[in-house]
């Protein structure tokens, strides 16, 4: 089942004379875990926001083409309507806290209250979201007293509780330490296994290679490629788009070692070990 | 350059953040690593004189930090904070960078010269007139680095310089560190990015629970797997791959690993 | 995180009352002394508030606030006692200073009135969680968006205050002097305030987006996670207070 | 783009979120002024900025919320002076809309007007509440002198307030203007509620 369709999407921010996104077309199937990579200013954040209606409804600006999330045309519906289909998590966990709730539990309830969900249903959804993000033990804590990784998982739980089919994450780990990042990646992977469609913009190529099913490579607001990690990181011209593959891939490329039976270089630690192990021993 | 003796510190009514630290900093570029809460940032603030030692002493050159103020130390030791939004307040990039030099009483001409130099090194020379808040987060971080570089201190401390940087940004920071080393400055960093630390810093110090538990050159430190695990620090990717492959020795960079694997391959062919 | 709210968590029947009844009480405490402007009425109202503060076990927390107010009131007593137009009857002579009865009586009236109003507000403030108060008002028709605005301040201020010390550090690290003569200190104001303002304005964008994707502008009725706090006493108390106000008004008209 | 009426009640979420931020700025301004031992309050910079950025209604709301919060956290008397804060928000918003905040000299004049507005609104409250005093040492000293000389509570109270309010508001408006001028376009245009996005199709 196709969950996202972008058809020739174009977008220009107000006060800007350059297209931030140009000629963007792609499709994503249910349950896929998609990584968006590219240098800074390639359009990763803008694309994330275009999948959740913030572009164009929040920013205004100039917009062309069509985006459908779970059948809903983004341009024609309000952010609140789209949020039932696709939720978004941002870089900075602090600014995502509503700042109006005293406990983790209440913080997650915020969106559900706005949508008018009945109390029993609300409690069920909150409990479910807390369990998925492994924050049930923090239930009574003040959101601002949490660590970065915990707070970011709370931000994700707040979105998950609203039961969207799609979750978009815009560099969710860029402000976290390695431990916090790993917590978030594992939590997101779990979501993906539950059938939620995940779109994540990310700089950490080692993680992208490890967790994503497919990778969307952006440059200057345009899609350069959309394929599996193996295919994307095996491209010869990656550097010119400001992207450096995981060390595992570069080492194997330098040594001319490919994954057995394919034309691709290894992208994860495990793949590299398997491919190089034959050579070392 | 810096001597730390029996340093112990705690915030009012808080537990001990640093306990009994003894370190000497020579000219080797140094990365301090460790989990959040290990006391790294507190340590940097103490060096900078923003906090006063609870017990023990810190000497910058011959000056005891205890006897001086942060503003007076500003000309000797530069500290780039993690979050650029905590310091940017001017409406032009050039003015922002000139703020520090003017504070340490450089005349306007010199301040401007130093500022432009610093902006060149950080790759922002074409943005002198831009409003800092129109820059991207990674550019803002480079701007903050420039605003400390322009003060031309002998010691630089960078707090998490690589956060939010893409490949190009990291390359720029690498070059900045190189040029500082060439100019005989002491460069220190607090960092979570182990690949970057292993590649760019000569000396690594691991903090854990307020203590410096490991100290040495990068290949020594990243070879101590048990202690690293205890401090919950992950080794650089190259080192992890080498370990998976069962290679002897510690590998810090892609290049080292490739070289060794090539030799392995040649040996196998012989 | 440091709390800025004055709310004190205690076990008392005042705490158990709903916020709206406490708002009625404030209205009562302001209106009755206005309708019946005699010192004795104001005195009774003030005492009532103080007794309620004692019963709610929050009198100790009320003291600092009263103290703050009384510092101003002392100057009122002095200035009005000395200089109030219409001062005729000498009450007290201390050296060259002459205090008059009329001015002092007026100052007493001001003092009682202020005590009365401050006391009534303190009952609300010290025994009600701000979020409960706002939620009650939202249930009664206050725009949830405005309700959000009020409540979020309680968390945003501590958040901003905590960045304050980081900013101080960051600017002092760049050689900013924050001590010295007045000119030096004035000069330090913008480099310190600037980053808070700019940073927080930049943050409003992300926060606004985060709110919108959580249905902040959703149409239709809102629900509440917490059940409304009600007490069997609420209705009788609210009616009783209203009745007294009306009776005071009638009394005033008749006499 | 058509300029929207300044009295529109349709707020963007960004404009609403500006209100708590403005209250926070007020608070921090006062805190820094205290920390640096400056002789003024400087506690309405946020309200003034909110008015400049998002119009008189948001400014007035920021003023009102500011005093409600102060009333709930520091000093219940603040509730009463909410009216003054609202007036400051409205005055700045209107002046700004009429183009008064376009140069330093005009901004200074606007600051004086705002100070005067604040004084005019506060004076009756001072009289009703305190018998005319403000609680500020210098202002109250002047009040005592004028009261002793002229017998006019109104005049004394007015002067008491004006010597404190006008310099403070003048400085507040100038500081806010300086900050506003330094804002990048992406921030300052965020709060206007301009209608629709254009089509590129």
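Labels A, B, C and D are assigned to the chains in the order they are written; within every chain, residues are numbered from 1.
Just so we're on the same page, contacts are C-beta pairs under 8 Å (C-beta built on N, C-alpha and C of every residue); 3 or more make two chains touch, one makes a residue touch a chain.
Source: prediction; values computed, not measured.
Shared contact partners of subunit A and subunit D are B, C. The greater number of contacting C-beta pairs, out of the two interfaces B-C and A-C, is seen for A-C. Mean C-alpha positions place subunit B and subunit C at a centre distance of 47 Å. Mean C-alpha positions place subunit B and subunit D at a centre distance of 43 Å. Averaged C-alpha coordinates give centres for subunit A and subunit B that are 30 Å from one another. Shared interface positions of subunit C, defined as residues touching 2 or more other chains, are 148, 152, 156, 159, 190, 193-194, 198, 202-203, 207-208, 211-212, 216-217. Within subunit A, the positions touching two or more other chains are listed as 57-58, 99.
Looking at subunit B, one finds that residues 89-90, 133 touch two or more other chains. Arrangement of the chains shown, judged by which pairs touch: all-to-all, with no pair of chains left without contact.
If you check the complex, the residues on subunit D that touch subunit C are 11-14, 16-21, 23-25, 27-29, 31-33, 35-39, 42, 45-46, 49, 61, 65, 68-69, 71-77, 79, 129-131, 133, 135, 140, 143-144, 147-148, 151-153, 175, 178-179, 182-183, 187, 190. Taken together, the subunit C residues at the contact with subunit D in this complex read 4-6, 65, 68-69, 71-72, 75-76, 79-80, 82-85, 106-107, 110, 113-114, 117-118, 121-122, 125, 130, 145-146, 148-150, 152-154, 156-157, 159-161, 164, 178, 182, 185-186, 188-190, 192-194, 196-198, 200-205, 207-208, 211-212, 216-217. Contacts from subunit C toward subunit A in the complex involve residues 1, 131, 144, 148, 151-152, 155-156, 158-159, 203, 206-227. Taken together, the subunit D residues at the contact with subunit B in this complex read 181-187. Those residues of subunit B that touch subunit D in the shared complex are 89-91, 131-134.
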